[in-house]
């Protein structure tokens, strides 16, 4: 059950209204990496989550993002104010001015309707937490860019508040992922094919010349357990395509993992025995 | 410049055509976490990337995903074959049968048109790599679920091949992120507000009772440098809302970082001096 | 600021899981007339509302709808449960099963992503209240249809609870509209053209025969102050197209009305003098 | 069967072309509350309507809206004319200029493609008429705003003509709803739960303080038969959640009502005996 | 101005209602190649057309397609009828059953909302006519496929009527294109680069082997004035990339051509002197 | 299998960056008629194509369009460069500036996400080739308009290169269609109804006056085998609606034709005996 408190989590102050900046701010109201997207992604993951602790985490942060939606909405409304009686201001966002009466709507800075296609919800906790870490990183960089495009002190401070919270959330989701104690690249219950999983495929080359340093001596094809494989078109052998049967139950799982999907899956699911603590996500 | 080689990266074999499974497989052709989404996300990030090594990485993997699109397309076409002359099979996906003639199209398993709203492209390398790590995790779990819903050996093996490659890519993107040598939560060029960034806000409670263990003793609110803050509605003090001015140039950056966005940003951008190697993303 | 209470507003019980019914129920989770649509329409109207009382009303109901989203989400999850390990159940909604792991997502019964195109937010209170009355009527009829397609007692009772609330909200929005004390068809600040506004145009006829009773003796063209006008193609005179200049400030307004939009509008806005109480919306 | 007459319903005249105003006008051509939306909503409701009189009404107005689409299209084309040979004008709407050659297209003022997600069609006449009343109110306010953003007399007069027709249609739909002679809040065939239907839930408060006048003495929670209920989080008892079984056939219906949906619905549907005339919609 | 005649252009008869076939038929109501798409594409092209004759053609056919929308809507409604009181039938299209009450809506067979993204409207007559020829070909093949998936004689005959009209329209659009008397590949006012325009680029090969017959002896790379060019990756010289300045006014135009777009375009537009009659589109 | 060569097909040079022109250019990157749309339409048609020669053609051109996507992306990036540190430039496309960091994304000039609804893929070769001919004509006219809106020589030359290739492709697709040697209006396997197929319906008139020259003496209703039929509302007889049963196998087919769709279709499919060479598409 939800409750709304008539007190803003952060009180917004704007010196000079700037309708074109108000238009830009809509990115964080109804945009792809905005507050509604965050609120819905985490809250609905929370509805689906089977682990009580992580469910609480997801709904805590999902609910806080609703409070942020209210803050950024208030900030935008102040900047859009001149649209009500100034044609030039209205041109900054004709959709908002004409159809929306100068108020906020669930659209982004170019008037695209908000869509749940923005959300990443798989119902697998270890996967969803990675999606959330990335989502917070995106929201952080967007707030930073907005800060750089205004000179209004009150707006900058409000955005700094919101931007900071994204880093807090990024840390919380990372802590939750680490608390699952799964090996770094363990996803689901079927292990990838040995050998093939170590092959880095060089699909972009300088024609037939594959000798450049960046092509053969990067951390992602040299070290990290990955090996460079050249494509057939450049005279290489290509990837190892030996057929390999999937083996459910071979991946290391955690007690917090979501129950896997599929009638044939995990029949012989072993007891989760993580060999070591998670080091990197 | 692109070239197509008339040889599949992996040769697909199907024992028995299963139109409803073919319909499900469309998730990985024209779906949110499918091969076109991966191909486009990485390739276009690569077009935008300013670091030559990471540009190569992004286009290598983006191009490989195009080859995967071809593979999964071939697999789907075999499973959809009966739609051409069987009404019951056509009911498995009327859009594909009637409008598409039983061939593949860029839609998902419920016929939604593919949209670039699925993509996460911010133009900031350290952020985009995190989005890619999450994207690969999602693709892996989707392939695993598809494996579990078929008994056809050839289909399972093809999906195991594709699933394995996602883990390879996840490792490569992680290696690239680590190669940037940035601290774990360093995004962009403005540091978050000290103090506030450590406050975990308890926005979901058992009414006014905030004493439950999961509310006050989880890794994300206890340890990890985060502290629990209760909401005003439950008698807490709420977050620290002291105004704080953003300071561009205070975040630790890497030589591989994308150039920041904004006229006021990074004017006093310091030389990147990562104090230590990246430990976790 | 929002808060989540770990107690459902209504506790859901399901006797037998029915995945195809769970799929149908998604209409009220992520569908056009569902709970998120209601929550967002009212809450964002509330953010924009300038009258404190009506702002409270809009946010009260918008917040309650978020609690309903949680209820209907719980109901759906119970019905979708078999999707996790049964291929036939997964066929009831391949998107939910494969991409969503059998959990709820912000999609409707045919997997369309939720979009804010569903919302009607104009920033004019008297208009928005009418949109809300209609929205509640739609939600009521959809719940009624869902009730009729299940035999599960617990599901029926939960839907009856949710359906009832829509009628409560419809009454509250109607009371708010009546409290504005505007004449029945007074919208905004410019009166319609006299004469022309009374002409009902007969654009659909039985060929040139316009003599049928329903064409000339219906409440909407006979009585109610409306008069029937025949089209030129059937030998009529057509509508009165005498040019008429718009006159801002001629419509009767209320103290609760939103401030009007436009630089030339309302310059001579008269004091609101409603001649009589609102009779019908 | 449709016929097009080579005579505009209203002849448009424009003094000075204003491309940015032309861009704004697209809201009423291909926008959410525009003429195509109206034409399609009413016409398709008309195709579905079982009552001959109301079917005629819906198609009369739906067809008139097609004629309005033609008028507003002509108005827009005149304003967009400079886009053909002036770069600055083209910047007013690059999509229209580059992709559309300066002509009209089914997009709104920010280039969003028209979508049937804008439409509200439930197949229940009493519900659809409410949706239409609200739609006309929205279209009226949008025309009024457009009038206020231009100084061109011919454009203003054309918009006044179109705006006036929306009020006419609003009156006609209201007359039709009243002609059904249903009680004010009677929707479908299942009555809401007694008691619960009278409870107004106070989901937004000033923290635990629920004593403010607007919280306890508004027309929607005091009078109108509605009573105020406080939330559990603020110390209230919450809504009455006693299970209640839905009873099809208990709502008062009209002879014009659409046939209800659902296999279990309306088995004991009583003869419609409206006790009194409809007072308010 | 439009008028609706209460007489169907073709009277539909259905023997046995088949809800899943009704669902399939939605492709031609609210689908990408359906009747509304055709009606809107041609009508709006007609609104934009500057040549009176072709304007009449476009609106003639656009209007006829509206009449077809009504026919196919009636056909679908008959097939969907069982959805009203049968759960199994409702499963054939839950969106239509639950949200739409078993009536028609502007969606396709998988419930995607109709969108103007389906339309091809460029404002250039010679281009638009080609888009229309292709659109009619698509509509024809879709009707043919629908015919093949039903055994109901009345449905087949109605679809044969509608299918036939697409061929009529295809012929009319082709006649209009030929009446422009432009050379076969003359589009707009700027000629393509000589030499380069004749080069067919072999971007898909059997690795480095470019000797296969289909690679070097097809009508599109041998004859027709086109010559085969091999890619650099396969040892070829690649396309001729010598810079070439565009020359507006060098393409052969017709008196029926739309006025070109762009401030720098066509300054020296020559008198149209088609050297010969159009042979192929 | 795809390969990327680190060499642009055409090297782009830009004199002066012009962010608003960069914004316009997005039409050809992520717009409806842009390079990704072309690449995907042809490549996926190629995946579905059963004729080896035409499959090669479709993938040749589809792959070349991917190379064009890279070229136009590079051109756009140069023009967008000022967005990174100039607020006025950022206003040219706030979505690209704020969310995309000034890089390219799969959106059009007004920020609409790319969608596969732009694509026309029916799985019928003779139909798809017509869609491709029209698509190339559209892309040509869009490039021409872009050329006319810039004065930068390097940009003009790059666009001239890309524009030229569209004409080459249009010729290649036309050659392929002609190589099928089907009669001009032969689509699929069911012939249209004789008689009815020759009737041109006059659905738009000057009221009841159908005597104007353009109404009765145009190439599409006079000659070309088509005859003019007047509508009932103007006193005509209307179309011939005599029921006619569809006859699969009566249309002339080609050895290159795709296999037809439908269980009842083509049972008596005759050997393809094209009576004469294709004259027009």
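Think of it as A, B, C, D, E and F in the order they're written, each chain with its own count starting at 1.
Keep this in mind: a contact is a pair of C-beta atoms (placed from the backbone, for glycine too) under 8 Å apart; a residue touches a chain by one contact, two chains touch by 3 or more.
This one's a predicted model, so the numbers in the text were calculated from it and none came from an experiment.
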Chains touching both chain B and chain E, listed by label: A, C, D, F
Mutual neighbours - chains that touch chain A and chain B alike: C, D, E, F
Interface sides of chain A and chain D: same vs different residues, half threshold: different
Matching chain pair for B-E (criterion: over half of the contact pairs shared, by residue number), options B-C, A-B or E-F: B-C
Chain whose average C-alpha position is farthest from chain F's own: C
Mean-CA-position distance for chain F and chain A (Å): 36
Centre distance in Å when chain C and chain F are each reduced to the mean of their C-alpha atoms: 39
Centre-to-centre distance between chain E and chain D (centres being mean Cα positions), rounded to whole Å: 32
For chain C, residues contacting two or more additional chains: 1-7, 9, 32-33, 56, 59-60, 63, 67, 87, 97-99, 101, 107, 110-113, 115, 117, 122, 124, 141-142, 145, 149, 203-204, 207, 231-233, 260-263, 265
Chain B partner contacts - residues on chain C that touch it in the complex: 1-7, 87, 90-91, 93-95, 97-99, 101, 107, 110-113
Residues on chain D engaged by chain B in the complex (per definition of touch): 207-208, 232-233
Chain D partner contacts - residues on chain E that touch it in the complex: 1-9, 30, 36, 40, 44, 47-48, 56, 59-60, 62-64, 66-67, 70, 73-74, 77, 83-87, 97-107, 113-117, 119, 121-124, 258-263, 265
Complex interface listing, chain C residues touching chain E: 20, 23-24, 27, 31-33, 108-112, 141-142, 145-146, 149, 203-207, 231-234
In the complex, chain F residues that touch chain E: 3, 5, 7, 9-11, 32-33, 52-53, 56-57, 59-61, 63-64, 67, 115, 117-118, 120, 122, 124, 126-127, 130-131, 133-134, 137-138, 140-142, 144-145, 147-149, 151, 153, 156-157, 159-161, 163-168, 170-176, 178-179, 184-185, 187-190, 192-193, 196-204, 214-215, 218-221, 223-226, 231-233, 238-239, 241, 243-246, 248, 260-265, 279-281
